[in-house]
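By letter and in written order, the chains are A, B, C, D and E; residue numbering begins at 1 in each of them.
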Amino acid sequence: MTWDLIWSSLGPILLGAVQATIPLALASFALGLVIALVIALMRISGNVLLSGIARFYISVIRGTPLLVQLFVIFYGLPNIGLKLEPWPSAIIALSLNVGGYGAEVIRAAILSVPKGQWEAGHMIGMSRAQTLRRIILPQAARVSLPPLSNTFISLVKDTSLASLILVTELFRQAQQIASVGGDFMVLYLEAAVVYWVICLVLSTVQSLLEKRLDRYVAH
Amino acid sequence: MSPTSFRPQSGVFQPETVLRVAGLHKAFGTNEVLKGIDLEVPRGSVLALIGPSGSGKTTVLRSLNGLETPDGGTVTIGATSIDFSLGVRKQARAELRDRSAMVFQHYNLFPHMTVLQNVIEGPLQVQKRDRAEVVPEAEALLNRVGLLAKKDAYPFELSGGQQQRVGIVRALALKPQLLLFDEPTSALDPELVGDVLAVIKELAEEGWTMVIVTHELAFARQTADQVVFMDGGVVVERGPASEVLSNPRQPRTQQFLERVLHNY
Amino acid sequence: GCSSSPASGTDSSLSDVTSKGELVVATEGTYKPFSYHEGGSGALTGYDVEIAEAVAAKLGVKAKFQETQFDGILAGLDAKRFDVVANQISINPDREKKYDFSKPYTVSSGVIVVKASNDSIKSFDDLKGKTTAQSLTSNWYKLAQQSGATVQSVEGWAQSVALLQQDRVDAVVNDKLTYLDFAKNTPNAGLKIAAETTDKSLSAFTLRKGSTALTEAINKALADLSADGTLSKISKKYFGTDVSK
Amino acid sequence: MTWDLIWSSLGPILLGAVQATIPLALASFALGLVIALVIALMRISGNVLLSGIARFYISVIRGTPLLVQLFVIFYGLPNIGLKLEPWPSAIIALSLNVGGYGAEVIRAAILSVPKGQWEAGHMIGMSRAQTLRRIILPQAARVSLPPLSNTFISLVKDTSLASLILVTELFRQAQQIASVGGDFMVLYLEAAVVYWVICLVLSTVQSLLEKRLDRYVAH
Amino acid sequence: MSPTSFRPQSGVFQPETVLRVAGLHKAFGTNEVLKGIDLEVPRGSVLALIGPSGSGKTTVLRSLNGLETPDGGTVTIGATSIDFSLGVRKQARAELRDRSAMVFQHYNLFPHMTVLQNVIEGPLQVQKRDRAEVVPEAEALLNRVGLLAKKDAYPFELSGGQQQRVGIVRALALKPQLLLFDEPTSALDPELVGDVLAVIKELAEEGWTMVIVTHELAFARQTADQVVFMDGGVVVERGPASEVLSNPRQPRTQQFLERVLHNY
């Protein structure tokens, strides 16, 4: 009977993964990386105001529960006239979140590139922006890959919170099926296995990428 | 290949003195590191800058290359002259930088680029020159230092001596009026030093104008026209290489030379 | 899982309760007016809570309440962490396969709640093509779905209201009692009842399969409480009418 | 009226923080660090079996939702005869979680200590264990401080999941109060501010600690 | 302070030869790095090991100190002898390690300990000696190299030359029968080299038995009794220092010496 349940629920759960969890994670991560880069650059810019804003942003994002961030964006913003649909709300909240965590990762990676690389860039006549783009960031990319892939793995699991704002993803599917008959233990375990498989795939991709980028730091 | 590509750039305006430094001052916080440095390097001549650790040699070079902003004094390279006491425009510093090129102690090659990419990055991305012209030039220079076969290798695949020769080629490819070397061999294994010094010596013979910070006194004696000994942010002694190195007049110079030569 | 299968051998469900002197009752604690905290942070109270307390008293034991979310409530029952659930659990055939139910202590109907300005929904048939919000606990899920609505699960009543007020869903299908309590406390919410079900929903104490002795004892207690007017009194306190039968 | 609500709910929320959130986080973190250290050492030990176990542990912990882990420990284990109280269950689940994330941090920190330090330890006659304890770990401590403090900050917010297994912490208090009047937006924001303040305090402690430990890596 | 503390440890068993290496082999994977090395160092004598980069010098030293496990050959230090072809017990390697002490190229001081703590860590934690005895000894040694005033400083507060002198004291405090130096000055600024070499030279004069890998040929000529030139994992030439360095017989030795001396 339990096996029947697992089998019959696998379809909806995988559907939730494919239709919501994975696209939500991918979209939020892509957008989040852009935010993270911008915030990281603001943070290391000499400008007191910009770096102050970046610090505040990072502190708020990391210091408050994602659940509340989702709630504020979805249920709170309409009070000031900004009504976003569930998917945009989820992507915004999740990517702001990735932006906060990722900014610190990227900042640390940029700072880990030896100062001599900046100087060599300037020496051949590059501006600060040019050196950053062509010399520093490619090297920082390799350094930040492992922590960023951790951020991504967390993100995959965090997408489950999007169910609170009406996105029916993997975990919500499991919950709905479970609430009918009360088989929460079975369905949560099943959902956990699906998350685990997704994360295993991600880890494998990470290792492959790391190997490809390895020349960037081998010196 | 044509040896031309190995020759210094010839501009329209050719003063006899390529580098002139006057009254250079620099402090880090309250630490006054340069207390008025004067230098003059004629076209095609080599100046060796020697002195104990912390005496300010690197700071001088970095100031010439626009990596450091002095608090006062003037630097003239070719047709560009900057008076740092007037407050420096970014633009002026960039111009200074364009006229000189530096070879670093730790090479500082770009680890994510091949040897060839390292060399052509400046000419292509900064000087916006034509790839079809830049690549053959770069290959010729690499060939000249015996590294053409390594053009597609990454820096980590090279020995220290090979990396430093790439560092030199990267600087040459910028066709600067002035070449700066900051202890170019001190990070190398002793047997690899020779190759790099030989390349530098050849450059000197070909007429490049150079300032070299070095502890290789035998090399300095052979290669440099002029030796400047710095200590504590001032020039203590200067003169023809053979004179300063063989018959130093100042006690500080004598003491320094003794220590570096480890006379047991 | 396998934990739901009836315990083989003797049924000790009642003797366990009497021997430890307490009936462990699981409830959400965030489900007004059935199970909530007085003033938000005071003592646990509510319709289900008081009835559970009365039943425990009849059994000669104390009621000990454990609060968690709906998923934890049922899983905890399976795990023998609780003896019984008092949280407006509606009886349905799926759940009856897995759990034992007492006699119902709440008889209520479902209502469609819409914004006061909404005139397009007047019956369950009108839900076709509309979006409704629905909490996981409730039994109206299927009804709305069968009427052709897209059903969104939400965590609780408060969010259902927010979704309605922000025009994010067209209707909420919920227990009538919940709505009445809400309307009493929040008269200016701008919501109204658009339709009511003819079917009644029956809520009961939920027990592990095979807790026959305890179920029977609770049934007897409920019958006694009904007879002596206690159920009716509690019901009137919360709803103004008797919803216990 | 909103201010009244905020004011009157602040007491219970802070009580939840002081009585549950903070002690839960502290206990789980302390225990989690021990687990993390053990797992990290297993992971870098030459032993294939030990490092295999460690890898599997880390993969499962990081690849599955904490909610499910809590669920399994509290609601699942009784099915095999192991019935733990809410607090022990919460501490076990949370510290296993910290153990998984922390293990990777500690492992990276150990590996970041230059090989020469191991050799110098051996040179003066130390065994592997002695070198690890007296030479490597003190240096790894400084390196792992920032990422571990991130883990701690996440942990503080993750304690909110303990409400699922009957621990009434900060967030649960806010939920309870919100469920009566329906003001979940206000109360969630209030809870978020409390989390934020806790995290700010933690960050400050981290900076102070970093300064104290800085001599360990300045070289 | 008593100069005694600066003297080598005298055991009961005192053979004339402190170190004997025979047929040492070591491969990393398929890369055969040592192809049968034989060495013999009498008590109180100094052997200088020279050779090009990658020739295996460091691997020899590390094998003597138990940091590397050779595939074959025997190493005898004082009364301890290990035949590596028999497979090595951990115990035997630890014993070997206890009889020698190494000074590293990059000092490898413990950055989280003060200078004094660095020095006494081994005697206290490993040799389990009495603190009351160890600390004065350590202080005497530090005083000897001119660093007593720095005993409470952390390594990062010291110059490279000072750090390396602490590295030497750390090794001496272990009272080993054999001191090993792996290019002890090659990471130092040229003017700091002298101080460190002077300390090593004094140790030689006081009768410590030492093996020194170095590129400082002038120093080797003055200090070493014996010079061994290695290349490609084999000993190419060996003999009295002055002979090997001034009149090398093997062409490979000649070539190497030429390169290191950079004869322009």
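Brief remarks on what is shown
Please note the rule applied: contacts are C-beta pairs under 8 Å (C-beta built on N, C-alpha and C of every residue); 3 or more make two chains touch, one makes a residue touch a chain.
By chain, UniProt protein names: A, D = Amino acid ABC transporter permease; B, E = Glutamine ABC transporter ATP-binding protein.
Please read these numbers as outputs of a predicted model, since none were measured by experiment.
Contact with subunit A and subunit E alike is made by B, D.
Excluding subunit C leaves the other chains joined by touching in one piece.
Among the remaining chains, B is positioned farthest from subunit D, on the basis of C-alpha centroids.
Chain centres were defined as the mean of their Cα atoms; on that basis the chain farthest from subunit E turns out to be C.
Inter-chain spacing, taken between the CA centroids of subunit D and subunit E, is 46 Å. With centres taken as mean Cα positions, subunit D sits 36 Å from subunit C. In whole angstrom, the spacing between the mean C-alpha positions of subunit C and subunit E is 81.
Contacts with at least two other chains are made by residues 71, 75-76, 79, 184-185 of subunit D. Residues of subunit C in contact with two or more other chains: 1-2, 71-72, 75, 78, 159, 162. Interchain contacts (touch definition given at top) occur between A-B, A-C, A-D, B-E, C-D, D-E.
For subunit A in complex with subunit D, the touching residues are 59-60, 62-69, 71-72, 75-76, 79, 104, 108, 150, 153, 157, 160, 171, 184-185, 188-189, 191-193, 195-196, 198-200, 203.
Within the complex formed with subunit D, the residues of subunit C that make contact are 1-3, 29-32, 36-37, 39-41, 66-69, 71-72, 75-76, 78-81, 156-159, 161-162, 182, 185-186.
Residues of subunit B that touch subunit E in their complex: 52-53, 159, 186, 189-194, 197, 201, 215-216, 218-219, 222-223, 256, 259-260, 262, 264.
Those residues of subunit D whose C-beta lies close enough to touch subunit C in the complex are 8-9, 11-12, 71, 74-79, 83, 163-166, 168, 173, 175-185. Put simply, subunit B touches subunit A in their complex at residues 65-67, 94, 97-98, 101-102, 104, 106, 108-112, 121-122, 125-127, 154-156, 170-171, 174.
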